[in-house]
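Here chain A shows up in two complexes: once beside chain B, once beside chain C.
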Partner chain A sequence: MSTLIVVDQAPYGSWTGREALDMTLSLAAFDQPAALLFTGAGVNWLRTGQAPEHVGQKSAEKNLSAAPIFGVEELLACSESCQRYGLDDANMIGGINQVASTAETMNRYHQVVFAG
Partner chain B sequence: MNEQHEHTPTLHILNKAPKHPRFAACLGTLGAEDVLVLSENAVLGLADQQSRLPDGCLALEADLAARGLNESFQKQAISYADLVKLTEQHSRIISW
Partner chain C sequence: MPTTLSYTLVITGAPWASQAPQTALNVAQELINANHRIDRVFLYGEGIHLASALSTPPSDEKHWPRAWSEFLTEHSIPAVACVASALRRGLVDEAEQARYELPASNLRAPFEIAGLGEWVEGSIQSDRVLYFHGSA
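Take a look at the complex of A and B:
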């Protein structure tokens, strides 16, 4: 049974997104099917060129790129939220599938966990 | 990827205070056959005059007690063991 982890909060203001990423990679590492959905301000995790060392944090960009290697089934993003925050294929990290409806995506999973 | 399960009765576990955006998001998603359990700061929703919670809404008694709400809301109170039973009875769970 696959678990959908939903990230709806912006990066670097709190640890919740980082914890969600850790949870997802841990699940996948133990052969528990997992997928990530970024929605709302959470889509800002997906922007290329983040340099969080300026605020004393590490970039999640490499971790997200490694997600498929760990066995994370899918990286999903709410298309409306991407539009709102000015994200498109040109400035978003690769391998993200945009979905039109967050609610419909959540309906496809039996286990849904919000980060933080 | 799982198939569509639009009518699967769902257990919603909500731990956000009434002002948190996810509190409203959760209430907006509830289906007629779904069960809502309030935990942590979400139990304040029972005391909040502005929150409209569904009939049959439940709340963890430890969190009610911690906030001085267990006497007013005994009808809604469930134990941790009850929550575990609910997770067994529902194949679909959303932790908000």
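Take a look at the complex of A and C:
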């Protein structure tokens, strides 16, 4: 059973993305295939040089870079959203696969979970 | 003979902040009426507020935590609030109260507090997993 977790909100403004990341890590911890898809404003999770200590939060960037170590299979990003928010290889964390069609991507998984 | 399916329901929207618990309860009742099975209800994020024993709405308003409790008890459906979500938001059972030396506990029966593993298990075992989110 493979699961795709979709994050469509920017980090720090709400807690849903962080809790979605926890869900993904939990699936991986139980050896269930899991991947993350960032789309819309959610692609801002992938920006390098985040400084959330000024708003009293932990770095989403740091949390996310641990995902492959914990066994999360893929980190995916909607290419159109990346373009809209000015994200490219120069200012994105490494190891992200950009996808042209989020619909096609979702179809590859048994379950799709949107961050609350 | 109609097909019977098993369901896990995940609620991430809080009562009085979203419609999620009400919608989930209506769906749950219809699932039971249609002879489907609900394996488990999992509260996550803001959804954990549904399990508070201290919610006290005005008497002429529907009491969603009580309505859910009664439904869960009547149909013997296990319901779990995610421990990480619950502790952050001030929902604790007696064990967590003792562990963190807190002045009170406030978990409504028959809800229990457990980890995300319960959700993972539900995702694997149930035929369908339905999510009830609050507004983004």
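The rule is simple: the second predicted complex is superposed on the first by the 116 of 116 C-alpha atoms of A that agree within 3 Å, B and C clash if a C-alpha of one lies under 4 Å from a C-alpha of the other, contacts with A are read in each partner's own complex, and residues count from 1 in each chain.
Here is the rule we use: a contact is a pair of C-beta atoms (placed from the backbone, for glycine too) under 8 Å apart; a residue touches a chain by one contact, two chains touch by 3 or more.
All figures in this text were calculated on a predicted structure; none of them were measured in a lab.
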item: Simultaneous placement of chain C and chain B on chain A, clash or fit; value: clash
item: Partner chain(s) touched by A:E74 [first = chain B, second = chain C, both, neither]; value: first
item: Touching partner for A:M1 - first (chain B), second (chain C), both, neither; value: both
item: First, second, both or neither for A:V113, with chain B first and chain C second; value: both
item: Touched partner set for A:T16, first chain B, second chain C, both or neither; value: second
item: First, second, both or neither for A:Q32, with chain B first and chain C second; value: second
item: First, second, both or neither for A:S59, with chain B first and chain C second; value: neither
item: Chain A residues contacted in one complex by chain B, in the other by chain C; value: 1, 8, 111, 113-114
item: Touch list for chain A against partner chain C, complex; value: 1, 3, 8-9, 14-16, 19, 22-23, 26-27, 30, 32, 111, 113-114, 116
item: Interface residues, chain C side, partner chain A - complex; value: 12-13, 44-47, 84-85, 115-117, 119-120, 123-124, 129, 131, 133-134, 136
item: Residue ranges of chain A in contact with chain B within the complex; value: 1-2, 8, 35, 73-74, 103, 106-114
item: Chain B residues touching chain A - in the complex, by the definition given at the top; value: 1-6, 8, 22, 29, 91-96
